[in-house]
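Several structures are given next for inspection.
Paired with chain B in one complex and with chain C in the other, chain A is shared by the two complexes that follow.
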Partner chain A sequence: MSRIASLLRASLAGIVLAAFAFALIGPLANLVLWSVAERWYTPYKLPVTYGTRYWEQVFRPTGDAMASLGTSVSIAVLTVVVALALSVPAGYALARLKLPVRALFMIVFLLPQAFPSVAIYINVARIFYNLGINGTVLGVVLVHAAHGLVYSVWIAAAAFAAVDRDLELAARNIGASPLRTFFTVTLPLAAPGVIASGIFVFLESLDEFTGTFFVGVPQVTTLPLLLYNAAMGGNYQVASITALILLVPSVLFMLFIERFLRADVLAKVGA
Partner chain B sequence: MQAETQGVSCAGAAIQVRDLHVAYGGTPVLHGVSLDFAPGTFTALLGSSGCGKTTLLRSLCGFVPVRSGSIVVGDRDVALLPPEKRGMAMVFQSYALWPHMTVLQNIGYGLKLRGTAKTEITAKVASLLAMLGLSGYEERKVTALSGGQRQRVALGRALAVDPGILLLDEPLSNLDAKIRMTMRHEIRAIQQRLGVTAIHVTHDREEAMTMADRLVIMQAGRIAQIGTPEEVYDRPASAFVANFMGAENVLPVHVARSADGTAVSAGAAVARLADHDATALPAGEAVAYFRDDAASLDAPDAAPQGDLLVPGRIAARSYPGGLYRYRVEAAGRQITIDDTARHEPGAAVGLRIPVRRLHIFPATEAATAA
Partner chain C sequence: MSLSQRQLALLLIAPGLALVAALFLYPLLFSLASAFTDPKGGFSLQAFGKAFELYSGDILFTIVIVVSSCALTALAAIAIAGTLTLGENPWIVGTLRALYRWPLFIPFIVAAQCMRTFLAKNGLMNNSFVSLGLMEPLQAVSYLDWRGIIITFVWKQTPFVALLLAGALAALDRATLEAGRNLGASRLRVLLELALPQVMPTLLVALVLSFVTMLSVLSVPMMVAGSQPTMLTVDMAFRINAYGDYATANALGVITYLISAGAAILYLRHGMAKESAP
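Then we have the complex of A and B:
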C-alpha cells in the first residue's frame, strides 16, 4: 500500500518537474530550433532542412541586424549614463531623507508606471514631435531613461541606505569634505548596487519596444523593432535569432546579481 | 617605546563648553551643559542610557546640531562648524572602519586628505601599528580582523591625524571581557604618552573609574556631578549619583539633631554621631544609600558600638567567590550584603552598618532618584 503511495508521489513530483522544465526550456528550445531551420512547413513536426543561413544573414556586417544591434547598444549605454546621472544623487537623497519628503519623492519617480504606457508614449511622441526630437536617438534615450529611472532610483536608494551613516561620519570626522566623503566612502560602498541598477537600466533599454515604437520609428530601428518587423513579415528565423541575442545580457545580469549583490542591499529594495 | 611613538604627537587641546542646548527633533536632550576640559586630561562621561552622554559627545564633534551655547576649542567657537573643521577625532562604538579599504588605507585616510606624501604615510602608519601591536597588518582587509584588532585600527585611524582631542564613544562595549580589560590600560597608556585630551563615553562604571582622571556623571541631560573617581565614589553629591555609583542598598532613616549631638535612627536602631561628622546631614526624614560591602552581618543582639545595628532575617545566600552574598530582609527592605562568614537562610541577624559609610540624602530628593 505504502509502496503504491510512494510510487504515486514520485511520479507526481516527476510530472511537476517535467512541466516546469518544459515551461522554462520549451520556448528556448523552440527559438533555437527556429533559428537553424532553413525550411519548415506544416505537415512536418520538425524542420525539413537545417542550416546556419539565417545566422550568417543576421551577422553579416552589412545586415540590418548588426546595424540594429549597434543602435540598440548605443542607445542602452546612453540611457544608462542619463539614468545614473539622475539616480545616484536621487538615490542618495532618498536614502538619507526623512519621511514624508521621501514618500513624495518616490511617488514622482513611480508615477510613470501608474498609467498605461501606450497612453503616455502617444503624448510623449506628440511633445517630442513639437520639440523636433521625434525619430532621433536623443528622443529614444529620454524615453528609455524615464522608464529605467523607476527601477534605478529604487535600487540605488536601497544601495545607499545599506551604507552605515557612521562610515560617512568617520570620514567627515577626520577632515573629509561632504563631497570627498561621498566619492571615497559612500559611492564605493554602494557601487555594487549602483552598478546593478545600471545593468538593469541597460537591459530594460535593450528590451524596450513600445516607447521606441512611438518615438523612434521609422528613423531609429532597435533590435526589438527589428524582431517585430521580422515576425510580422513571417521571418521566424531572424525573429528567433534576434530574441536569442536579446537573452544573452539578461543571463549575464542574473549571474552578476547572484555573485556580487549583498543580501542586505536586496532586502532594502522597496523598503 | 620612544622609537615607537616617533612621528605621532598629539598636543592636547582645551575645550570649554558653555550652556549647551541640544534637541533631537522637538525633544530637548541636553539642557544647558557647561563643562571644561583641560589639555591632556582624560574625562569619562558616565550615565545610564538616554542621559545625553552620547549626544554631548556627538554634538562636540559636530554630528548633532547645537541649538544654542558654545563649544570653544583653543580660542575659537566651533559650535557651528561642520565636523571636518573641528580638529577632533572619534573612535566609534561600531568602529566604523571602511570595509572596502585595507588597514593601511583606513589609517592613512586622514593623512592622504592632508596631502601627506605616500612614503610619509606608510612610515607613520607603520609606527602607529607598532604602537598598537599590529605591525605588519598594513595590507589586511579590515573585515578579516578580530574585534580587538578592529578596535586598535579605529584608534590608529583617529590618532593618525594628530588630533588635539580624542573622542571615544563606548569603544570597548563590543569586545569580550578579557580584551576589554587589556584595551582599557592600552588606551589609557597611549593617551598619557601622547598627551591628547580624551573624552570617553561609557555606561560602565568600572571602566570609567579605571581609565579617567575625572568623571562627569550625567542625568537626564544635565550634569549631576563632576569629580575625580574618589570624589564621586566616596562623596556622591546626590541620591542619583550614590545609587549610580553602586550604593544600591536603600534604608529609610531619621536624622535628629539635639543639644547632645546628632542621632541617625532606622526603626529601633540608633547611632549617635559627633558633631563634626554630622554637620552635612539633612535633619528629618531621610534615605541612606550604602554598598554591599559597607555593612556586615552580626548577631541580632550584639552591641552597636556606635554603628547602626538593624535586625533582619536572611532571605537568600549565594557564593560569587571569596565571600558570601546575602539578601537580607530588614526594615521592610531587601538589602544585599557581602560577608565572609557563612550563615544559613532564615537565620535572624543584625546588619552592622557604620554610619560614616552611609550616603544620606533628604527623603524628598531620594524620591526623584532613578
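Then we have the complex of A and C:
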C-alpha cells in the first residue's frame, strides 16, 4: 500500500516538474522554432518549411542587424568605459577613505534603479533635446552609464573592501607612493571584481530598451530597438533571431560570473 | 597644498554623483515641476485631473497587474526555494536547481518576444495542449492580454526572487528545521511556519525590487498586450510620442512614483514592526 502511495507521489512530482520545465523552456523553444521557420501558418502546429534564409538575411554584412549589433556593442563598450572611469575612484573612496554620510552616497547610486524609470527618461529626452544630444550615441551612453552605475560602484566598492590592507601597508613601508601602491597593489587585486562590474554594466547596456527608446530614437537603433521594430512589424523571424543574439552574452555571463565574482567580494556588495 | 583624506574622498566620488544628479535627480525634479504646473506656469493640479479622467482605468489595471504578478512570483519562488532547501529526492532537487535560474539574465524584451509567440492563439503552448489531448483546437484562446503580461512578469522575476530566497534559506540553522521534522511536522509546515518567517526580510526586499522593476518595464506591456487597457508606462510613452503632452505624462509619472512609494512604505512598516517586536 505504501509502495503505491510513494509511487503516486513520485509520479505527481514528476508531472509537476515536467510542467515546470515546459513553462520554463517552452517560450524559448518557440523562439528558436521561429528563427528557423521559413513558412509557418495556422493550422500547422510546427513550421511548414525550415531553413536559414532569415539567418542569412540577418547576418548579411550590409543588413540592419549587423549595423545594430555594431551600434549596440560600441554603445556598451563606451558605457563600460564611462561607468568604470566614474566608479573606480568612487568605489575606492567608499571602501577605503573616510567619507561623511557614506550610506547616503551608496543610496544615491541606487536611486536610478529604485524609481520607475519611464517618467525619468521622458524628461531626460526633453533635456537632451534642448542640449542637442537627443538621438546621439553620446546621449544613449550617458543614460546607460547612469543606470549601470549602481552595479559598478557597489561592486567596485566591495572589491576594494576585500583587498587585504596589510599588503597596501607593506608596499607603503618599502617606500611606494600612495598612487603607486594603488596602481601596483590595490587595483590589480581588486581587478576581478572590477571586471565583473564592467561585465554587469556591459550587459545592462546591451539589453537596455526603455532609455534608448526615448533618448536614442530615431537615429540610434540598438539591437533591442531592432527587435522591437521587427516584432511590431510582424517579422517574427528577424525578431526571434535578434532575440537569440541578445541571449548569447547573457547565457555566457551566467555560466562564467562565478569565476569573476568571488564569494568574499559578493558578501561585501552593498555593505 | 595637500588634501585631507575627506576632501580626497569627496573629490573621487564627485564625478559619479554628478552623473546621477544630472541624469536622475534633475529629470526627477523636472518631472515633478512639469506635473504640477499649468500651461501659464502657475501651480495647478490640472494635469492630474486629465490623467485621472483619461487613465483611471489604466491606473487600476497597472496596480492589479503589478500586485498580482508579485503575489504569484512570491508563491512560485517560495515553492522553488522551499523544494531546493527541504527537498529529499536528489533527482528532483538537481533538475530544479539546473532549470529555475534560466530566465534570470534574459532581457525583458527577449522575454516579451518569447511570450508574444508562445502565448498566442496558435502559439506553442496551445498547440502543445491540443497535441497532448488536453484541449480541443476550438477552445484555444490567445493569452496576449492582461494574462500575458502577468505570465511574462512572473516568468521573468521568479528566478530572481527564488535565488535570493534560496540563498537565505540555505543560510538558516538546519538544526531547527530538522527538529521540526523530527517532531512530526510535514515539510510544508516546516517551510511555512519555521523557515519562511526567518527569511521574510529577504523575500520582501526581492518583491519590492521586482515591484518597481515591473512598474518600469515598457517593452512587455507594449509587445505582449493590445492597446487597451494597458499599463501606465505605455500611456506615458503614448502621451509623449503622439501629443507631446508632457504635463499629463509627468502626472502619470508622479502616480507611478506614488504606487512604488506605497510598496516601499509597506516594506518599511514591516521592518519597523519587526524591530519593535521583542
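What we mean here is this: the second predicted complex is superposed on the first by the 264 of 271 C-alpha atoms of A that agree within 3 Å, B and C clash if a C-alpha of one lies under 4 Å from a C-alpha of the other, contacts with A are read in each partner's own complex, and residues count from 1 in each chain.
As a convention for this text, a contact is a pair of C-beta atoms (placed from the backbone, for glycine too) under 8 Å apart; a residue touches a chain by one contact, two chains touch by 3 or more.
Please read all numbers here as calculations on a predicted model, not as lab measurements.
Student: Which chain makes contact with more of the residues of chain A, chain B or else chain C?
Tutor: C
Student: Check whether A:Asn173 is in contact with chain B, with chain C, with both or with neither, and answer first, second, both or neither.
Tutor: first
Student: Contacts for A:Phe253 in the overlay, against chain B (first) and chain C (second): which applies, first, second, both or neither?
Tutor: Only chain C is touched by A:Phe253; chain B is not.
Student: For A:Thr210 in the superposed arrangement: first (chain B), second (chain C), both or neither?
Tutor: In the superposition, A:Thr210 contacts chain C only.
Student: Which partner does A:Leu149 contact after superposing on A: first (chain B), second (chain C), both, neither?
Tutor: In the superposition, A:Leu149 touches chain C alone.
Student: Quick one: is A:Val77 in contact with chain B, with chain C, with both, or with neither? Answer first, second, both or neither.
Tutor: Once the two structures are laid over each other on A, A:Val77 reaches no partner at all.
Student: If we overlay the two complexes on their shared chain A, which of chain B and chain C does A:Leu189 touch? Say first, second, both or neither.
Tutor: A:Leu189: touches chain B, not chain C.
Student: Per the contact definition, I'd like the list of chain A residues that touch chain B in the complex.
Tutor: Interface residues on chain A, with respect to chain B: 164, 166-167, 169-178, 180, 184-185, 188-189.
Student: Could you list, by residue number, the parts of chain A that touch chain C in their complex?
Tutor: Residue positions touching the partner: 10, 13, 17, 20-31, 33-34, 42-43, 45-46, 85-87, 89-90, 92-94, 97-100, 105, 108-109, 111-127, 142-143, 145-146, 149, 153, 203, 207, 209-210, 213-214, 224, 227-228, 231-232, 236, 239-240, 243, 246-247, 250-251, 253-254.
Student: Which chain C residues qualify as touching chain A in the complex?
Tutor: Listed in rising order, the residues are 5-6, 8-10, 12-13, 15-17, 19-20, 22-28, 30-31, 34, 89, 92, 95-96, 99-118, 122-125, 127-128, 130-131, 137, 155, 212, 215-219, 222-223, 232-233, 236-237, 240, 246, 249-250, 252-254, 256-257, 259-260.
Student: Quick one: which bits of chain B touch chain A in the complex? Just the residue numbers, please.
Tutor: Contact set of chain B toward chain A: 61-63, 82-84, 88-90, 92, 94, 96-100, 109-110, 113-114, 157-158, 160-161, 163.
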